[in-house]
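One chain, chain A, links the two complexes that follow: it is found with chain B in the first and with chain C in the second.
Right, the complex of A and B next:
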């Protein structure tokens, strides 16, 4: 090949390379432009406020002034018995609610997944509480659980059983709230497990039944292991949500009786919107974030082998 | 050619419509929470707008549950309404944070005469000698009674019940006769069954304003703090402890009062009264509209039972306030001055909804109220003869948080004696008073 031809070919190749690079660059640019609206939303409504909360947790912001006070909020938080009480109550709430709700939801999902006459009706019944407004559920149960005149106790008394102080006993109130909460969101978890159960191949069950496996063995050896990733996901969602419990406490007991149901978010709300100690409330929020992250990391570690579909 | 004409006409109309047709009109925002009073306020505002054609007033109503969060966030961001209803429970925290406009310079400049108003109300809205609100109305506490239950028990209208912490007095005997078990026996009967009560005579509750604070003063106690804006906690006086013990005994010793229910949306003893489970309950005159709409039985109001120190009621009153960050202070002051003036309160009184803060307008109110329930509406007015103040201190939210928590437990029978609860509360309250925040 002559020098001239080689030069032209080289130029062509170089041009093509530059064109390709510009093309790629243009693709990257348009990609970033496409996500810009979403990213701006993320910055303004999610990341920005989170950074603001972390900043304010080091100030004494009370809606009119904000001076930097360093770790004062955190120190007074850890010295406050009300704070530790709210943490303990929330840990109890999470510790009872998550296994109860997820466990019952799993069993119900397995039961509903069988070949029953009208599966749609059962699924609808279980999901209805979840689509009701939490506040109206709280109000209704407040009336039902009333000690003297509530319907639940009236029913018990008609069976010659003593009435139960559902919401007025400092020992019992928290568990009454857990019951209501578990009932309310059961449908959500049932739906998740039902979806997960669809992905378990039926031929496995058939093979197991031929081999004479009981339903209990089928559940423990086939369903449970294959459902582990879904269980993992569900438990994480349940934990994150339950740590933030607020509306049912606000509507039914306002943290009472005494401080028996004063969970973390309720205490935070009180500090922020009743006492206007915004800086203090921000530090409570930051610590809650760290606690939830910690608990999730623990769960990740627990599920490290069983949580994914890698066939070993 | 025609197309260009159309375009020119459309553009011209558009440009023309951008300029307001009328002269420059200023819009003020006015906020309140009570739907029942809205027609009266709007009638007064209409009169104001007639006399001030260059000001337009926009009324914004936020229900009680949302009003204070909306207002406090508005004050923090500078977007609060120009004139809004103020309440003494929130007044201290707002004024100590500099969020309210000091009205004293305007009052002095315009020589506003404050003598027509109840002096106690004028004083309540002052901070460090300056007025931050001119009184708009007031409320007192009385007994709401179920006339049917009283007639069935063979009793007469309780015009002058007396109580004392030692034996309960005629008040206790009255409510004992109104407390019935499922066989129809009342609480004075030796065979009365306290485990099967179907009707209670009275509802004792852990609420200072409608309930125990009145009884504390009637027993000679000072209250929670020594005086408005005071810093001395006096709640552990023996008179106060005796009152809380008596109100507790009504539930656990005499069985004439129901045990309290959980807080939250449960409205408390009031719904037991409207639900015909309790014969009498103490509450404030602001509950009159609720009584009219919810009580399906013949009802009335009666004077509070008098204690060893007489008959005393908690006195509270609203006022119109202006935020310190208001952008139209002169116009807002004009509206505020009008809304609380005797002339405006006359318009409001003629609708017979709320008691006017101008003393001489009470007859106008009574005339407008004639024929409406309750029959003995004068009870609330007579109570103004002897009143005490809502505890005015900027530490109130934190103090009430402690009292609500511990006294709720007391009312639920979790303390052996009222003395234990009060002593515990006093220690915490003193700590809050001392703290800088």
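Right, the complex of A and C next:
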């Protein structure tokens, strides 16, 4: 009898194991089913194209044929002054825009974070351009920066100052575009900093105030050090975003006057869709990818060194 | 003893008073600073509104009139419906395309995000790592191969070309939803499992309703990104009737002899829909900015 009991028990254990196994397979299956549509999209429109763009960059791809030509695209790219021009313009764009935008955003965020009335209203005002169509913002500023009848020059003239050829001067056009870009996305960076400032404990400020620390000292000694990780994160994000500047340039200057504002993505677009040098444009894309990877590695290095990403 | 406590009190009172006077001064400075910046933000919008109502002769005038002397509403009707490509048509196209993308992206991102967070299956972490690794890849890097796919499929100048590459979800949305599902206590799921809920039922009936705030933020993010997306629709659509707002507005500017006052009426019209949505759901937009941390 005891043997019979043991046998049925053994059967039960086995049955349970089988049930558990099928249960597990069921879970695997549902996991794969859940991610399948998303993963197909990911493969076809992101991972696949990343691999394809590397392959195409070594071919003379022109939408119909793609012959392997080795590093020829890269070599002709590095010999092309247009390429270097676009890289330099983009580096200037990033180099001016990022400190300007992130710096002003930090100041505004600190101001909004003080005990003021209706901080929400100010925040709303600064965030609005972020949701607006960049193309329409570009058109708006094309009009505002128009040399003869634009609002900015009209305003300058009413103050008896000379008008400025914002978009028609090869020297100024790039900086005008930087101003527009900084204006448009400032709110985004303000929000990032406001979120960071929220995590700085207020008792630190109160203690510093009782010790008689001026607001400048409080900013330099409390806010800035505690906010450093957020600032660095924001600068990295800003750099990556600004490297991809395109819309505003396309609507406002078309890369001109001359090639004064022909930034990286605009040059890439032009090579691909005006001259149909797809293979060449792909090698430009690969270099862009490498630059972005470099910036991200810099971020990893920074946070590894600091050891933490949290504020405080 | 009694005396010294009084002096101590007066000194703290003095310090407090000094601090208060300083903070009042500070407040004035802060308001001034914020008002100047606010002016820089409000003036452009005011100016395009003003221009959009003026007749041509009044637009080309120096010094300008700040408030239009004559109000010409026909600038708006011109921008909204004149010609083969007009803001009305562009808005319609944008709503169709972005609407479809939003529904798909929210559904597929949360579905995959849930699986990555809570269902165990082989190679899950490796697959998720692939998503993470490609999170920051610029649109322009993958542009040409994606374009080649659309050409091969003969989808140029169709809604399909605009919708399909985005409707199945994206790496960022999946990542964000996964992070949100991870914050939901496991006990809730275990209770439902005992009640015999299957995986999809669990996701649809129990988990998804719990992530409503995350879904709203994801929706806001998806809306802003796709409504404003420019490069992709620029290369995949050519005819005026297929253009979305971003591309349509740019051709307004570059290829047609439209005057400033009509163009500004178009700009105002192009901004109205998204601004209305923004004012009603501002909270979610702002939250989406911080939880994404991406442009």
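Note that in this section the second predicted complex is superposed on the first by the 253 of 312 C-alpha atoms of A that agree within 3 Å, B and C clash if a C-alpha of one lies under 4 Å from a C-alpha of the other, contacts with A are read in each partner's own complex, and residues count from 1 in each chain.
What we mean here is this: a residue touches a chain if its C-beta (ideal position, glycine included) is under 8 Å from a C-beta of that chain, and two chains touch if they have at least 3 such contacts.
Predicted model only: the values in this text are computed from it and were never measured.
J.: Applying the document's definition of touch, where does A:168 land relative to chain B and chain C: first, second, both, or neither?
T.: first
J.: Applying the document's definition of touch, where does A:77 land relative to chain B and chain C: first, second, both, or neither?
T.: In the superposition, A:77 touches no partner, neither chain B nor chain C.
J.: Of the two partner chains, chain B (first) and chain C (second), which one does A:139 touch, if any: first, second, both, or neither?
T.: both
J.: If we overlay the two complexes on their shared chain A, which of chain B and chain C does A:112 touch? Say first, second, both or neither.
T.: It touches chain C, and chain B stays clear.
J.: Which partner, chain B or chain C, touches the larger number of chain A residues?
T.: Looking at chain B versus chain C, the one contacting more residues of chain A is C.
J.: Once the shared chain is lined up, is A:273 touching chain B (first), chain C (second), both, or neither of them?
T.: both
J.: For A:247, using the defined touch cut-off, is the partner it touches chain B, chain C, both, or neither? Pick first, second, both or neither.
T.: Only chain C; A:247 stays clear of chain B.
J.: With both complexes superposed on chain A, which partner does A:285 reach: first (chain B), second (chain C), both or neither?
T.: second
J.: After superposition on the shared chain, which partner residues are touched by A:148: those of chain B (first), chain C (second), both, or neither?
T.: Both: A:148 reaches chain B and chain C.
J.: Touch test for A:98: chain B only (first), chain C only (second), both, or neither?
T.: neither
J.: Residues on chain A in contact with chain B in one complex and with chain C in the other?
T.: 63, 135, 138-139, 142-143, 146, 148-149, 250-251, 254, 273.
J.: If we count contacts the way the header does, which residues on chain A are in touch with chain C in the complex?
T.: Touching chain C from chain A are residues 26-28, 30-32, 34-35, 37-42, 44-50, 52-53, 56, 61, 63, 104, 107-108, 111-112, 114-116, 122-136, 138-144, 146, 148-149, 151, 154, 157-158, 183, 185, 188, 191-192, 195, 209-210, 212, 215, 233, 237, 240-241, 243-244, 246-247, 250-251, 254, 265, 268-269, 272-273, 278, 281-282, 285-286, 288-289, 292, 296.
J.: Enumerate the contact residues on chain A facing chain B in the complex.
T.: Touching chain B: residues 60, 62-64, 135, 138-139, 142-143, 145-149, 167-168, 170, 173, 250-259, 270, 273-277 of chain A.
J.: Can you list the chain B residues touching chain A in their complex?
T.: Its residues touching chain A are 69, 72-73, 75-76, 93, 97-99, 258-266, 272, 275, 277, 397-398, 401, 404-406, 408-409, 412, 414, 437.
J.: For chain C, which residues are in contact with chain A within the complex?
T.: It comes out as residues 15, 19, 26-27, 30-31, 33-34, 37-38, 40-45, 47-48, 51, 59-64, 108-109, 111-112, 114-116, 119-122, 124, 127, 130-131, 134, 136-146, 148-149, 151, 165-171, 174, 198-200, 203, 224, 227-228, 230-231, 234-235, 245-247, 249-250, 252-254, 260, 263-264, 267, 270-271, 274-275, 278, 282, 285-286, 289-290, 293-295.
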